[in-house]
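Just below sit the structures, each encoded as structure tokens.
After this come two complexes, each holding chain A, first together with chain B and then together with chain C.
On to the complex of A and B.
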């Protein structure tokens, strides 16, 4: 008894001293959750009938994420439910369960994770495991990851596991096993002579190998496919240069039509910036770099690597109507972005100055030549084709020339205005064979009027002009904000096509024909409430079909009509 | 004796549990990158005991850019009054890494910019939607956080920063 009393007193005093130093003696718990749900109703104008909805009038995607941390140890789980998944999300997501669970121990030198993890080697050209909730994308690796920091400036990573494929648990031979390693060297820390150098250099290299059994009755397929990359970062003052080269050995798969050609990729970007000015140039060349955990799978699942599109991600709805998606079988791209701040008090800049951004991107095919007279380019079971490294083909896939200015006009008004000329190869990007390239011009004006300390109104007006696809659009949004809590908005996107509602196109035999497009309004009202980290968003109306791209991965969003709610919070 | 030890244990446990509620959560230590491409550990986020603001943003997020541009106009004043330091964490993926520096400098922002291309820091901080802004106190504990931005929200933010500087409790 006395011992117990004595122990309690000691523990009590101990706890007081501990508390004086840290509040987290038993660890801390944090997390977040989100619910996205939509109620669908029939809409004859969009061709949505009761039978199409098929009883699934309410669909929802939800997740709950919990992370526990205590000192060097952390662990977490994520529970997901798609019951059923919202329209536009892969139907294989239907289900619920713990999609993600992991435990991690991290010290100065060793960092070990078991369970599901996300990781990237370099720019991701050979390996990137990540998740993007709004796309329904998650290719986490379930296995083991070890990160070593044997000395300052050196990081060595090793991974081994299988990737997530919706709700399928791994069974022997149902998908590939991936394993690999990466080393990153920051020369300024490793070499004493470079410690004080103004030039900072990082070198890195990575290797990934996928093992997948060959169960194909026709072809003899390589069971171990390796992909490696080398990279270099150099920075000096305002100058920055990043280059990465990747190579993949022969990998006949569903993306490249089962050819035995190897793959190559090069990504290089250079930028210079100083106060008030920034310029970034980048070039990308890829040939046959589609790499998945399962060579037979198509769609947006099981990608081992990540091939970012070299184009600007637009945030305004009409500017983002024709977004580019990387063509893993081959593309050559360049991009230039200029940011400039016109100084305050100058003639053009006015009292507060003005920001200008110019953006240009151009993406084409690469040149592919037949390997001999009897084999067609891309023929299954052969070497496929030949291509010179850095060759540029004749077909334009995408081009975007854009200007954006942002200006604070006075104490009450702020304006953002942009204009973009876009060329979009519908045939290649969306796979709609025979459709003409879309030539579009989009302009946007986004005006904010702040009339009281925390009250503001935002009016966004935008127009898309094109003679192809569905013709012209006009979009207007009026939003009232009471910072930081409420907002209320009404929006209408009107596909007015053109004067007669007809789009001309060339049919297969070269004739010019007319196609009727219905002139349709897509009105939506929405409202939101935010308190701290909790947000509730409600919207009701007709949503147009479109493509939602986040970080270069795109998801087709079908048209819909109904009520939508999103609730999100973190703790 | 039995009663005493029981009471003491109860006080002990209560203290530990109460200790959880006060003071906020500490920063996770995650490896991110600086604009010049070197590794940076988030545990090294530092401001000598002054308030720290961590704001998650991306090149494609207009409200994020609006928030950071609005604050940029008054950042100097804020720094003079409170000594606050703002860390702007870009969650843009690898293709945009080289464009972040030019945009930040092109707009004349003076923040500490860090790059989180694979979302590791974003996930560890439980960020779902951006902009998501955190305020840390003198002990680098997260004492306040908010998501979304509209004109006028920066007025709330500076009030919180001033309170944190004075050592007041800002939990809601």
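On to the complex of A and C.
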């Protein structure tokens, strides 16, 4: 504890020192850092024993970005430390050092980066290099990126390099090399006849190819695998339409069980908005689109592409208990979101108006048929299966129907209330064979009371009701804010299961079985302090086991008990 | 026109980047991989397959092991199936048989096996990690067959009823100047017991290469010397090892390997059936 406190003070003082030094005539230094550390303690109710902790009572994840800019030139480094990584993060992250380093020269026409970079073509269906700290995920490319703007309305990108794989530096043939190009054409700038048009159109196309040596003695593997996409963005006033089609040639890999079928995907999103009203519809259909720098790797690493999610990202804890993880081997998804602002001084809106949001997501399998009578669907070393473009299968993977209202009741009170009905196919999403699908209903009320200009209290009460998995939950949070500096909160999540504390489920052989679930409280107290761009957050208590997803990419979060500190700062 | 030229040039550049290899059926290699036997003593490879009878993905790994022995020959690629961890725990019938061994559990703990199936190939350490996902077995084994052998191993078993003795000769063909150990295992083929598979529970699954016991302890025994030169020989023996009561002698083999004490890397491995 004393070590953590000391470390916090050092980091805070360091940020202040750097801030004072950050600007002078020789250029500008900026940066950001974050430290997350947790002290773990045994908790027999959670099954956390001393042997499980194994002496690693304190764990830490931290990063620091330092960026230097001088005119058209910039350069930076990213230092990371996982000593050891916090529970739930990939153990291969353990270590510390400069994970990324880069230099960039950018003018109006040319933008050249050498070293590590993040980039995306279109929606990311064929290529997206990005970093997500909360997942411990970073697939940055180490290589060269060239962006050209030869004329107004045209952007051409080229990339070439290898992707980050924890701390493993690239060695010959230990993973693939990726190279690709992308072009964006904004027609309204390119064609004089469209300059003044209210209809704005952007066309784009991208290509990405992976080279990975075939060292496998069993399969004949393609050493060069390419994926391409075409896309269009069209807008007119409040109307916006984005669509992208992607295709990938045969790419037998560990995700698709070494089948040789081509992959393809379509993502389309239409939205319309005007004052007080917004409607967004999106659809996605993907088939065999898992694409990695190393065909043998599974899990959250080395993805070349990113498949956009079609499910709402919930911010309330119980609503987010069953998040959706994208299924790259095939899924058909639709999502609709309606936002409406009931006008002020109307019967329903009252003095301040009222916001209403309705969200619906539905995701299911695609239809796959066997290629012949003797080959099972998905059998390795074959074409795998046949599927019709945009076909829809029978198995529901996920569904979420939700309503949310936010209403300012008077100058002191504000209320947010939501209700969600969620279907969650645990077998597919988490790979837990034999687990029953979860049908859950979650309601949330979030009441804020501002009693002085800077003082407010927030009370959140929510309940999750389900007959499956771990049964029912009740959650309550009481938070006091002294803006903009302090906040204090006390929270308890109670897994009260049901009256008997037993969950019935059907096992693999069709037998109904009972599972005892321990009724447990997960209390937490927390406090936060913000000063300028620096924020310190302290918490102590139990954390429930769960799944954390960002953009359809997920990691398991194990249960834990202990003290946690988070420090973030930028300068 | 200028725009068109740029688009054409950009397209040509992009297409030149975009190499594609379209593979036609059959998708599996159909020929055996010849092992370089120019030298009488050539490198053989040990695959340790960490498995469990309740592990639903493990039969696929067994199948890959089988495919690999078809490619390299079972005399060259030597497999040991090590039942350990949660998925190997005895449960209600038909999963009540205990395949686990003390040595197997020790290996799983030492090498940090948490997910099953998982493998070790010659116990090589790649960037601090010994464990190999099943998708990496093939390519790693292929690389190991390119290695040169330091020594050859000859096993001469002698079974008297249910007591096993053996004389093991090590013949060095290049310098080994580090502390090394010899490990002796006994494994059994064709054990008919239950296994969970993606298609359901199979009660008459054929379990092969099952580690039965480490004859000379979990980590074997040190070689008498720490420096051997080309032409040196060493003989190790054991006697009167008691076979398990439900083991079938005709299905038993001895696996013997020599490994570097520090890195754990396997220098050479050999397998021999205990009956003719």
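As a working rule, the second predicted complex is superposed on the first by the 545 of 571 C-alpha atoms of A that agree within 3 Å, B and C clash if a C-alpha of one lies under 4 Å from a C-alpha of the other, contacts with A are read in each partner's own complex, and residues count from 1 in each chain.
Keep this in mind: a residue touches a chain if its C-beta (ideal position, glycine included) is under 8 Å from a C-beta of that chain, and two chains touch if they have at least 3 such contacts.
These figures come from a predicted structure and were not determined experimentally.
After overlaying the two complexes on the shared chain, residue contacts for A:198 are found with neither chain B nor chain C. When the two complexes are overlaid on their common chain A, residue A:274 makes contact with chain B while staying clear of chain C. Touch criterion met: A:32 reaches chain B, while chain C stays clear of it. In the superposed pair of complexes, A:411 makes contact with neither chain B nor chain C. Contact with neither chain B nor chain C is seen for A:345 once the two complexes are overlaid on the shared chain. Residue contacts after overlaying the shared chain place A:499 against neither chain B nor chain C.
In the superposed model, more residues of chain A are touched by B than by the other of chain B and chain C. By the document's definition of touching, of the two partners only chain C reaches A:181; chain B does not.
Interface residues of chain C facing chain A in the complex, by the touch rule stated above, are 2-3, 6-7, 10, 13-15, 17-23, 25-29, 33, 56, 60, 64, 67-68, 71-72, 127, 129, 133, 135-136, 138-139, 141-143, 200-201.
Contact residues of chain A toward chain B in the complex are 1-2, 4-5, 7-9, 11-12, 15-16, 19, 22-26, 28, 30-32, 34, 65, 67, 69, 74, 106, 118-120, 122-124, 128, 130-131, 133, 155, 184, 186, 188, 200, 202, 233, 235, 238, 240, 242, 267, 269-280, 282, 284, 306, 308-310, 313-316, 337-341, 352-353, 355, 357, 406, 408, 414, 416, 446, 448, 450, 453-456, 481-484, 487, 528, 530-533, 535, 551-552, 568, 570-571. Those residues of chain B that touch chain A in the shared complex are 1-2, 4-5, 8-9, 11-12, 15-16, 19-20, 22-23, 25-26, 28-29, 31, 35-39, 59-62, 66, 69, 73, 92-99, 101-108, 117-120, 123-129, 132, 141, 144-153, 155-156, 172.
Those residues of chain A whose C-beta lies close enough to touch chain C in the complex are 92, 150-151, 154, 156, 158, 160, 167-168, 179-181, 183, 185, 190, 207-209, 211, 215-226, 228, 249-250, 252-254, 260, 295-298, 380-383, 433, 508-509.
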